[in-house]
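Everything on this sheet refers to the single structure shown next.
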Amino acid sequence: MKYILSREDEVVIGVGSAQYSHTFENPLTAGERIEVIYRTLKASGVDLGRCFITPIPDLGEHMLWVSRVRSFCPSFQTVYSNNPLVARLFSEAGYQIRPVPLFEREKYMATEIRKKIAKGDDWRSLVHPAAYEYLVSIGLQERIRYILADDHSSGGG
Amino acid sequence: MKYILSREDEVVIGVGSAQYSHTFENPLTAGERIEVIYRTLKASGVDLGRCFITPIPDLGEHMLWVSRVRSFCPSFQTVYSNNPLVARLFSEAGYQIRPVPLFEREKYMATEIRKKIAKGDDWRSLVHPAAYEYLVSIGLQERIRYILADDHSSGGG
Amino acid sequence: MKYILSREDEVVIGVGSAQYSHTFENPLTAGERIEVIYRTLKASGVDLGRCFITPIPDLGEHMLWVSRVRSFCPSFQTVYSNNPLVARLFSEAGYQIRPVPLFEREKYMATEIRKKIAKGDDWRSLVHPAAYEYLVSIGLQERIRYILADDHSSGGG
Amino acid sequence: MKYILSREDEVVIGVGSAQYSHTFENPLTAGERIEVIYRTLKASGVDLGRCFITPIPDLGEHMLWVSRVRSFCPSFQTVYSNNPLVARLFSEAGYQIRPVPLFEREKYMATEIRKKIAKGDDWRSLVHPAAYEYLVSIGLQERIRYILADDHSSGGG
Amino acid sequence: MKYILSREDEVVIGVGSAQYSHTFENPLTAGERIEVIYRTLKASGVDLGRCFITPIPDLGEHMLWVSRVRSFCPSFQTVYSNNPLVARLFSEAGYQIRPVPLFEREKYMATEIRKKIAKGDDWRSLVHPAAYEYLVSIGLQERIRYILADDHSSGGG
Amino acid sequence: MKYILSREDEVVIGVGSAQYSHTFENPLTAGERIEVIYRTLKASGVDLGRCFITPIPDLGEHMLWVSRVRSFCPSFQTVYSNNPLVARLFSEAGYQIRPVPLFEREKYMATEIRKKIAKGDDWRSLVHPAAYEYLVSIGLQERIRYILADDHSSGGG
């Protein structure tokens, strides 16, 4: 965020797959994801008056996705993403794409952090203190353990 | 059912993923699943005047699922389930969850029974005679074989 | 129900538009509609072991509706309905349609009863005592008044 | 917003019916609605670090709506709304509802302002200067005229 | 069609609202609408090797509609339509719009023809003989009468 | 197509999963799939006046699929397919199913051709020259490489 805000006046953070939660890929609701980003940015001294954080529900149809993003977001001119499909879809729609430099990529991978939470390993140092405090307060650890138990469950459902 | 009816006045059986059928996971339509449960309960002497059997279509959004269940079912106070995600979602919504004792779990596993049907193995002894008679009458064996052939098919579709 | 049960062994009651509630057309959830039918049939001495009550969510595509009904209901051979579109769709699909004799039609019209409830008029004599008791217990009168206020509201929403 | 922020630490503004646009009821996309609210609040000196503005797509099923709102929004405790159905649904779900005082209601009615825009009447004084500037920049007047022409159109579509 | 084919090499006919049928607005399925267009063009000597007829299901979200049309149709450069909203949406997406000259507009209005069919008036001279023959063969008159009876029905449904 | 047209007057080609694109399974939009079939048939001298090519969006509910196909296609009597599930669903709905003879099956497998395209291997000889020219013109190779990069991506999304 600091990198992009150093180059742009305002930034829209799109929270994708917004309708999903309680899965290993997306354990948090869109609202919880918005809140953890907001608490972290606020605690980091980022000017929230220059940031929009917007949930974007998936449609499951790639050809509609760029229009969906445009419909749910304030107007934007440049797309920052390292994801090849995102880059391809926005580039087919005529947008300019820019990569985002990753910061200590091996250490800060979302999937690895979720795995550590699931196993009960220490993950406090891997997220911002404001994020840690918030995620513990909503019981993220317990929720992830239930989600994983479900995958290995032989029960009903 | 007999276990729950010994503890409660009435019971609602929710038939989940109600919109699906003709898959290995859910070979039967919701209506066929309702009918096989009903025929089995009737033949077992369970008082059908104390039972509701209700199809509940999935939404694919876990945060909405408890409200969906509440919307499609007569009112209920206690949830019986061994499924961790079901337990978690209802418990986040303030419901009391109770486990169901499993009866000869190794023998009566739905997935294993479907595999036997697919292979042409004997499965008559694994379901109630009333269920067996009904499932044969609707051609379950042939349907499961077609579904599995589809998974290995090199044809169109 | 008594008329149909005098001619058929079993009957499936389809509760249509099952996903809707809190509208003037469908103030009750599907689960509440199931419950009021069930309480009324039980209090009327109808054999519930011969009745299925099944919610059927609308799709909004008439060409799919007969298949949707077949998918959510136990198997059936004859369709009882006075609705012309229902008759047309099932008849295009090869089903036999039979009309249902209406009982004191001017008195027992659902729309009129909902209007009386909305206005605060007496409606006790227009439904079965078991239905009245149940509907009052869930606060139907207050709910309908809120729904109608919404239609005339100049507020947010 | 100033009224609510004088009573609460933070406020979430839910932009409902978020998937709709280009209708007389909702001529703007959710993103455009977010942007006009944000530009107005910023120009009015409201602390944006205490505000969330979140699009919430409709589901069309009232029983799921409170869960949908909870899923898309940061956590909230009190609901401010003058809409009777919103009040009813949140109150059935156990939330506390508070009304919002309306400011010169006869003058500032959204429907009336849209009608003026459609007719080409002056509407500049009816919205904040920052909102006016933004709405003109995206061609709102022309869009509304096309939408209304469509309603009276005898052409294809 | 002859007008457009005199100006373009190939033409794509988009059959909109493709998922609907059995309503007064869209009594025919998309497949039936395709067939009546095809039979008429063939009987009129139009070169079908230069025509695509493609069903396009509605999404109900105007911002996604142009992308949906692009996704379901072979590539196209120019949009022929007299509909203001279609014109507006394609023009916001950067397409060139051209009007279609209407031929004896008062006589050949789809709504008026459907009304004549509903009333049992003569409509044979208002459609191409090939269309008339096809529409009679699928029982359009009877279907429209059932649909209208449904609108005035006091029965179930 | 030549095989079927030698036995039938007209043929409807259903382009399934029509809403999907930009995946490894369905890299092309429905419109692009229609166009590549049409260009190939035209270049092969097939009489396009005897062919319909119709996109059919999936519903994800197998029990509704035959009705969906019937709704989107001109009327048909016989179903040509080698797919076991297609055969099963149409046969449960009372249709006659016929297999299609496969032509040099080992050589012309869609999945293998897509894999060759992804790896940059030569695939020119595996499709009709008219199809090759069209697919290259829309950048299929680059699109497939982006889609595969996405599957292995560690970036955002």
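Per-chain numbering from 1; labels A, B, C, D, E and F assigned in written order.
Everything that follows uses one rule, which is that a residue touches a chain if its C-beta (ideal position, glycine included) is under 8 Å from a C-beta of that chain, and two chains touch if they have at least 3 such contacts.
Here the structure is a predicted model, which means the values were calculated and not measured.
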item	value
Candidate from B-F, C-E or E-F with the same interface as A-D, over half of contact pairs in common	E-F
Averaged-CA centre spacing for the pair chain C and chain A, given as whole angstrom	44
Geometric centre distance via CA averages, chain B-chain A, whole Å	35
Chain B and chain C: spacing of chain centres that average the CA atoms, whole Å	26
Junction residues of chain A, two or more chains touched	19, 21, 29, 61, 63, 70-71
Chain-chain contacts as defined at top	A-B, A-D, A-E, A-F, B-C, B-D, B-F, C-D, C-E, C-F, D-E, E-F
Chain F contact footprint on chain A (complex, rising order)	16, 60-63, 81-89, 100, 105, 109
Residue numbers on chain D that touch chain B, as the complex places them	59, 61, 63-64, 66-68, 70-71
In the complex with chain B, residue positions of chain A that touch it	19-23, 29, 143, 146-147, 149-150, 153-157
Touching residues on chain C, where the partner in the complex is chain B	18-19, 21, 29-32, 34-35, 38, 42, 48-49, 52-55, 57, 70-75, 138
